[in-house]
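Below, subunit A partners subunit B and then partners subunit C, in two separate complexes.
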Partner chain A sequence: MRGRPHLHTSYSSDQALMPTTTKKVVLAIFLVLAALAPIASSIPFYPDFLGHNDWMKILSHVAVFGIGALGINLLTGVAGQVSLGHAFFMGLGAYVAVVFGSPPGDLWGLGLPMWIWLPMAGIIPAIVGLLVGPAAVRVRGLYLAFATLGLVFIGEWAWRNLKFVTGGAFAGRRFPDFQWRVWKEETPVVDFASDGVWLGFEISEEAKVYLLMLGFLVVATLVAKNLQRTRTGRAFQAIRDRDIAAEIMGVDEFRYKLTAFGISSAYAGVAGALFASFVGRQIPETWDLFLSVEFIAIILIGGAGTVSGALMGTAFVIVLPRLVQDFTEWLSGIIESGEGTLAKVADVVVAISPDDGGVINTIPGVGPGLSVFQLNQILFGLLIILFMIFEPLGLYGIWLRIRNYWKGWPFTY
Partner chain B sequence: MTVVVERSQDLPTAGQGTRTVASLVRDRALRTPDMVALREKDYGIWQEITWGEYWEQVLLAAHGLLALGVDVGDRVSIHSEDRPEWVILDIATVAVRGVTVGLYPTNPAAEVQYLLADSGSRVHLAEDQEQADKLMEVIHTLPNVERVIHAEPRGFRAYREDPRFIFWEAFLELGRRHRQENPQAVEKRMAEARPDDVMTLVYTSGTTGPPKGAMLDNANVEYCFDELINADSRMPGNRGPHSSDEILTYLPLCHVAERIFSTWTSAATGTTLNFAESIETVQENLREVQPTLFFAVPRIWEKLHAAVLIKGQDATWFKRVIMLIGSALASSVGRQRARNGGRHTLASGVLFAIGYPLVFRALRERIGLRRCRWAGSGAAPIAPEVIEFFHGLGVNLYELYGMTENAAVATNNFHGRMKLGTVGEPYPGIGLRIAPDTGEIQTKHAGVFRGYWNKPEQTAEAFTEDGWLRTGDVGEWVDGTHVKIVDRIKHIIITSGGKNISPSEIENSLKTSPFVKEAMVIGDGKNYLTALIGIELDTVGDWATRRNLPYTTYRDLGEKPEVLKLVQDVINETNSKFARVENIRKFRMLPKELDHEDGELTATQKLKRESMEEMFEPLIADMYSGRK
Partner chain C sequence: MSAANGTPLLEVGDISLSFKGLIALQEVSFHVNQGELFSIIGPNGAGKTSIFNCINQVYKPQQGSILWKGESLMGLKPNQTAERGIARTFQNIELFAHMTVMDNILSGRHIRMSHGWVAGSLWMGRAKREEMENRFKVEDIIDFLEIERWRKYPVGLLPYGVQKRVELGRALAMDPELLLLDEPVAGMNLEETEDMARFILDIQDELGISLILVEHDMSLVMDIADRVMVLDFGRKIAEGPPSEIQSNVDVIKAYLGTTGDAAIPEFG
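Moving on to the complex of A and B:
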């Protein structure tokens, strides 16, 4: 009831996604701000750099991986089935998209419009997920992880050898552009793949893609969030918390595990298709174990089992390397610009030339230090360990703690 | 020749008849059928009952009572926690001109036997298996109980063969059939209602002797509507209860206070009643409902007060600092408001504006009084410190005074004219006097009851020769306008030195400490005062845990030297506020938590002094034996 957030007079108010006006307003403001990022420079007090093309790409990357993270979160976080097969389904989605969406040529392609190839990129992985699922859902825990690990390697082998689809090892192929066509006409109805003017604003290709990805992410989030409060979502959670207890309560374990597998695969497929198209060209090696592990890292850092955790984790994992890179560049700048204690400290941390000593090496492959890439890997590993030990609920857990601190005000419990 | 008057002309048509709670509910249901009348939490959701549905259920229940043969003046008893069925059956009983008798859910079998035999109830509502079991223990002595309605379907397998039992739904179904066969039967009965129809028996709690059933009639209740519920300027902004107000119904409905502040207020003014799940969940339900009007007994206020203090101490250091600042602000605001009759002064307004965003708002949200615009305390004396504290938080808490026998119409602290430590001014126009010789408060007005059920002797004792109701409370005038209650006449202690002492004042002062739950001051005919102290297990347990003091039971905890020291400190603090003759020289800890079932407390948690003195005789004797 209005003004009484705890007085629920119906289940719909009890289960509402946005129970209070404050929440609605905050979310609306956030969405508007996110949508305005491409024209950041023309809005006062808005951080300018977000509108630059490189940051638009990073944000699009976050949105696409966010969709993938929602999928793995559903399977691993909500339903408790640890899967390393996410990369396989992403790859499958990408290649389904390319077969349906790319124009015919040396490689397979049907040249169909986006409204066909994108849904197919979800549907076919879901079907494959349901087909291979029965084998996987018979095992649980570590064994499931191993079984799904197998999928990734089978997938990698397949992608390398299905040259007429994937373009072959280390070559890859171009993926369809983001262009909205009704059918196979020449000029698309909406073209996201070139710069243009929208509503009187100069919008770059990157910004357009970002807006599109943002839209997909919002839809994917709504679906995922809603799913959690349905009978299916509750069944997932029951299985996660104790599969035997869930089965005794009448939850059909096999059916719901399979459903989780299917939905998660659909999310992965769409994310894979969007990712491949967004990058433009992908090689079969993209869809390897490291990609799967990255997604596991995302939900562990973000907080397994929560939608907002999955999104926070994605943002963190995608943006962190960029920050590390900016940081090392900033340090290099200090060294070059001159003297002072800061420059000396920076000199120890960063190596800017082959004969310069330093922990981080800005020139890849030369000198003794770590490359920025290696540093990122170490950081992620460290973060996963630290989160597992100190904050098992991830970034979401930190947020939860901050929120509870104020919720309990002026008491502690 | 005698004139033959047609019988049918005698019958008033529906819509006429005297104003009763039933006619008020009906009229409101006709005016605003879709507004929410009742809310009950079921399966985690506050299920709403509109006025239209409410009246429909009352009608069905009333027809059901007619089907069971309930005649004018027949008693219908209700033994249940607060729930919509309680109110519905109550209103339905009034509609068919029956008499409602409420029992406390905590009443044990023996008291159930006494109350049902004394009232001669014909139809009984036993909420669930627990209450039904109590009844079945004694039903062989109660030939008057013809039918037993049960509100919960579960646990009645054993009684399935017993033709006396009928489930609530089946009872309503019975009413539905009766209504088809005799449409308008209830309306006819209502139209015949008279102002002097007894509508309820409210049993006194019986601190001394067995409970007596006070008879209240429709005229008494109507007087209560006009004088108390709709009293001008009772509430801030001169705005009495109305249909946008929310009330939490949680105190036993058989007590006149909850009946007035829930059922009757809602019938008279259209406020929404929210039924708490149980007495244990009151604090949680308060948070959910955030009532705008809240009446509580001092015990509840003390508990809320203690909860704030304890939780504040348990908070992390930064919050603790903020709480300290908040408490300082609150006590300053509270003091100034109390001195100013409950209104803000300029200074208190400024301090409040600082404290509100910092602590008060969140604090009130946590205890469920964020939207409370009027709060009342009554039924027992409350410590002034507690009132001051809540005024400091911005909760308009006013003490009022009344008793079952005068439909609770006696005195009230009006908003802006409050005097701390008094129970307020008499309602305008009512008869209230303080007998010059005994100091007893006496009232005379249309709300004064008809007498005790079947107890002409006690009824006669309750009135003076010139027809004033003797309240049994000693009072005195403060500034000629406000009344201060000294104590019950029977409780006044006269020491061997001949000094008159009011024990409740001292007891209340002791009970302001969050650690003291029960206190009984003794000393009648002795040369010094002593006290029996019962600790509050939660808070003292918490206190002990934080000092790494291990304990096992209530008794073990109470006998720890550290706890004795803690209680001694509380007593010293109280002693410093009173004259030397009123100081407590010795005390003993009660070895058990006092309980209604064991006969130490009444159903309203008041001390039964005589039985206490009997039960703890060795402890009392020990305090006067000369040993330390």
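Moving on to the complex of A and C:
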């Protein structure tokens, strides 16, 4: 069998979650590296910057949005139902979490432990999803997008007005910390919300939170992947590709669309709760249309319909703005530090003072030029268009090409 | 070839179907016996596909009855007709284009599995067992249709003839009692047509599945059908064994628009 490494000799090996050894190894290495990131500075040769606390935050952000992306991917990528309601269910999950998890006070709060508020943040949005779902899933295509768009506006209105839950417009409220309690005891069993020492390693609060988020992401990924490769996932895909044929093959279209809607809402709710708690404070304006669109962008860029695509898209969309920011800061640094061609070029690109011209404006609200935020939005817009034209499978498609290239290596056919 | 207890497998009684004034079917009656290969022919727009859509309850006929083993199919959802044991292939291929050959055929096993999303998402118990078992069934079908080499390809990328086979495979995976084939050899060359004819006969003889075959290829129909029904403008104009149909004057009229004195050239 040498020289034919990718033949599967039994159906069960063929069907395994990670069919090839290469995939297993790559994934294992990736997970180990991901898990070791927090103690990076004490490991020789480990990319040092990853251990910094603000990178921990970015990676946590990726993990949390990754969970959200897996949810929208199930509904929109796998089952083919374009929904703009994701932000609504994320907000709902966040506010369910805050009511269950935050201590009682001026605003509603029951002060219950995380093992209650986190599952609730999934269960209640799923129930709401199943309640509003029947109206939504009866309409198709763009109409569904419009119907779910309505949800976002209703949500925004509700979040602004339900002050005793949300803290009200532009004020917001604090969200429960990541602390593991059995019940309401004073000192948590595991405290993710302060620096400490784990297994002899000094570990920052940010690093702890990151590890926790990574754990949740791994679970969410396994569930999504399993779902997608079994009966339910095939039914979703069948509806996406050919709804009438799917029904004639025995798939109860209504029921499966509703299932997709419910599961996706649960993912959104959990992601929303984790996001709110991870940031610490959220205002009602967070859960707006832009957030929904961001998730659609994530799966379009990553490659709709695949778990790996959803995760790659998330990493890309979260990390890119950060890179843009670092890049402009670096350019600003060059301008300030002196002369030379590079500094002149940088001067044309970024504006660092109000009377200074430049394509990118680092002082928001002053002068012409684009703010970093606007620049990011334009970049996303361009990327989505480019991916739709050149690589409909998104980043996942690019990865497939690379993999297929290496599969045949050293032969080029 | 009637069923042991005398009830036909499928009995369609006087169904009429119209779309906003356009009459697609007018009081059409026929029956299909257990184990039979029944064929429906007729010119374009005669209503052949509409009959399939009525049986599947995608279209709801305004009048008439459709009995499956003596029980009405009327008012069921399309997926419930599948659960009863009716499978189908389509005139214009309706495969799940982004899924692999394997997954397409596995999706035909949907009604023969029972695990839900919870078991599936945890890859536990019944989900794991059913997925494994059904995988074997699907491999048998893949062998039968000789499409082993395409197993892992997304069907959208495959040649037309292969897609037609995969679609047949997906229908067979449902373990149906009745298989509706809508123009299975349309657009195929002679060799592919002969392969398909062989598969159809094997399905009838070896798997014991009853069939309704809609097809424009007259030589194929006349060769393999047990009985033939002819539709024209939504009405049934003839029914009988192939030999009778070939010499039926109304049929010749429907096809040629005149009372030609020669038999239709395409006929066997």
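Observations
The rule is short, and it goes like this: the second predicted complex is superposed on the first by the 396 of 413 C-alpha atoms of A that agree within 3 Å, B and C clash if a C-alpha of one lies under 4 Å from a C-alpha of the other, contacts with A are read in each partner's own complex, and residues count from 1 in each chain.
We take it that contacts are C-beta pairs under 8 Å (C-beta built on N, C-alpha and C of every residue); 3 or more make two chains touch, one makes a residue touch a chain.
Model, not experiment: these values are computed from the prediction.
Touch criterion met: A:251 reaches subunit C, while subunit B stays clear of it. Number of subunit A residues touched is higher for C, counting subunit B against subunit C.
Shared-chain residue A:124: touches no atom of subunit B or subunit C. Once the two complexes are laid over each other on the shared chain, residue contacts for A:266 go to neither subunit B nor subunit C. Common to the subunit B and subunit C interfaces on subunit A are residues 11. Residue ranges of subunit C in contact with subunit A, taken from their complex: 56, 58, 77-79, 81-83, 87-88, 90, 94-99, 103, 106-108, 110-111, 113, 115-117, 119-123, 127, 130-132, 135-136, 139, 170, 174. Put simply, subunit A touches subunit C in their complex at residues 11-12, 15, 17, 223-224, 226-227, 229-235, 237-238, 240-242, 244-253, 259, 263, 305. Residues 39, 44-48, 287-290, 311-312, 314-316, 319, 322-323, 326, 359, 362-363, 366, 371 of subunit B are the ones touching subunit A in the complex.
Residues of subunit A that touch subunit B in their complex: 3-4, 6-11, 14, 409-413.
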